[in-house]
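Notes to accompany the following structure.
When the chains are written out, they are named A, B and C in that same order, and each has its own residue count from 1.
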Amino acid sequence: MTPIVSYQNVTKTYGDLEVLKDIDFNIYPGEKVALIGPSGSGKTTLARLLMTLEEPDSGIIEVENKNLWQEEVGGELVKAKEKHLREMRKSIGMVFQHFYLFPHMTVLKNVMEAPMTVLGLSKKKARQQAEEMLEKVGLSDKLDVYPAQLSGGQKQRVAIARALVMKPNIMLFDEPTSALDPELVGEVLDVIKEIAFESDMTMLLITHEMDFAKEIADRVAFFNEGIIAEQGDPEELFNNPKTPRLQSFLSRFNS
Amino acid sequence: MWNWDYAFSILPQILSALKITISATFVGFILALFLGLIFSVLVRSDIKIVSLAVRGIIQFIRNTPLLVQLYFIFYVFPKIGISLKPFTAGVLGVGIHYSTYLSEVFRSGIEAVPAGQWEVAKALNFSHIQAWIKIILPQVIPPIIPVIGNYLITMFKETPLLSAITLVEILQTAKILGAGSFRYLEGFTIVGIIFFLLSYPSSQLIKKLEVRLGAKN
Amino acid sequence: MTTYEIFISLIKAGLKVTIQVTFFAAILALVLGFISGLARMSRYRTIRFISGVYIEVFRGTSLLVQLFWIYFALPMMGIRLSALTAGVLAIGLNYGAYCSEVVRSAIQNVPVGQTEACIALNMTKTQRMVKVIIPQAFVMMLPNLGNQLIELLKSTSLVSMITLTDLTYQANILNATTFETTKVYTMLLVIYFIIGLPLSKGVKLLEAKVSEGRV
């Protein structure tokens, strides 16, 4: 099977710090992949490179067999222009740790905005799809409310609806529950679980919620200091960690 | 249009008037600092009448034009026996007008000092004045220096208003020369350039100062 | 003349021009402020440079000098403007430069997460600016723009020095004809103060309206 996302020799450095060191990583269509690892290990950067929020320093990222950051112009490979990036972004969506909802729009408008503006849907159609999506995440009663009046868990669910309504083939979740109070984490994880079980969408989940990762991931990759130290089947990885680093990392979560 | 000979011929006169512009700026600035500090202390007074009255005065002065205040000091004060020279009236006007802005700067600077500092001062048995001088003011001043610096530059740019009460600073000099020769272009352009050459580098310096002070914190 | 008569006389003679200058200069300042504030953040160096020059020159020189230059020096280059046009132009250009800084810093203060969310949703830069960034920046700008508006109102008094018949000009005339110096200039101060009140209130109301539900 050809990968839907492929990282080849990808490196990213911030100042003196090499955050991603020559990464080779493939994600297959329909796969639910969990990325775990300590802060600063590079997992978030991996996602941000895919979402075109940052540019790799070297290496190639391919999405659906097309080069993400480079395009062919006159037979030569050059750095991709915005037009190419926008074309590539159609397949990718992202949910952020800090939600980033639009504070000046109601919940409904937050979810309707991109379908109208970016996909060109009519207001009626956009509203219909937004309402469906918001019902799916359990927020039908909050359509006309502003983000400031929502709890963290509710905000994240709106953010998920906003990203899903664009029908991406690949969804990235960057620590979706890390900024939430513990009692609100469950409602968000439930929504993500439902999405994972119901759809064929490829999902990349960066998370510290190990039980959750075990439940929905087809594969888990453990990042440490810029490399993938270990990856494999969740059961195997969590019950029999092979590398000492993974062992000590997991021991912190077993209470 | 532009005559270089004429431009150079009037340059000395304009530059000699620059002394008046600069001294008016600095004297006005010092007055504004002084009054501004007094206002900021009075506004926080516990005596309701004092703080309300001072706040009202500050509001009134801030929301009315400096030009009119200058006319007031220069033309109305004599009616109650206070006749001032243009320079004095001008400096008084600019000083009082900008003291209201500076009082705001001081007030917010004072309020930015954590309440804990006052409590520590009391615990260590500092007198009120000692607390102000040794503990509070040293914390108030560094962060507000860039803002105050910018007001100095602003006051400098307001000095041409003093020409309205017959102070012959650089703009008035250019105007008088222009009226005599029927050439206004060179004079006013030179005056504009002088203002720019003095205020732009100053404001850039203040920006750098701001970064330095910010980095320290 | 009684104080009241002087008050009414001043208003009749000068209010209209003062309001005209304030109104038109404010619109010019706002438009210029937005255009140059946005231009200052353009990815094209030339555009950034041009707006930078405009902003620094008009902020770095005195308004009265700019006013005199436009009214007295431009005719020497063949451009003769009416006092009203010169006044509106000078004040508008001057405050446009100050407003551009307010605009620019507000836009840069919108959290970067908003930009990232828009990229993730595949919006173009224009869509992002128009739909998400500027609406949020606008709320942040209002208090400062309100302050600029009051300063602008006060600065209109300068047009009296290029013989435009505003409140201050008429006050000077009234003083010369009636010698009621104290009453005239006191009432003049009061009138400016009174005009400023609805302007401040208006801005505060606008602030409240735009922040509805969002706080």
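Criterion: a contact is a pair of C-beta atoms (placed from the backbone, for glycine too) under 8 Å apart; a residue touches a chain by one contact, two chains touch by 3 or more.
Predicted, not measured: the structure shown is a model, and the values here were computed from it.
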{"item": "Chain contact graph, described as a line, ring, star, complete graph or other shape", "value": "line"}
{"item": "Nearest-to-centre chain - CA centroid comparison", "value": "C"}
{"item": "Chain pair, most C-beta pairs within the contact cut-off", "value": "B-C"}
{"item": "Centre-to-centre distance between subunit B and subunit A (centres being mean Cα positions), rounded to whole Å", "value": "55"}
{"item": "Interchain centroid distance [CA atoms averaged], subunit A/subunit C, Å", "value": "46"}
{"item": "Distance between the centres, which are taken as Cα means, of subunit C and subunit B, whole angstrom", "value": "21"}
{"item": "In subunit C, residues with contacts to at least two other chains", "value": "none"}
{"item": "Subunit C partner contacts - residues on subunit A that touch it in the complex", "value": "51-53, 82, 86, 89-90, 92-94, 96, 98, 100-104, 113-114, 117-118, 146, 148-149, 159, 162-163, 166"}
{"item": "Residue ranges of subunit C touching subunit B (in the complex, touch as defined)", "value": "56-57, 59-66, 68-69, 72-73, 75-77, 150, 154-158, 160-161, 168, 171-172, 175, 181-182, 185-186, 188-189, 192-193, 196"}
{"item": "Partner subunit A, residues of subunit C touching it in the complex", "value": "111, 113-114, 116-117, 119-125, 127, 131-132, 135-136, 139, 213-215"}
{"item": "Subunit C-touching residues of subunit B, taken from the complex the two chains share", "value": "1, 60, 63-69, 71-72, 75-76, 79, 157-161, 163-164, 171, 175, 178, 183-185, 188-189, 191-192, 195-196, 199-200, 203"}
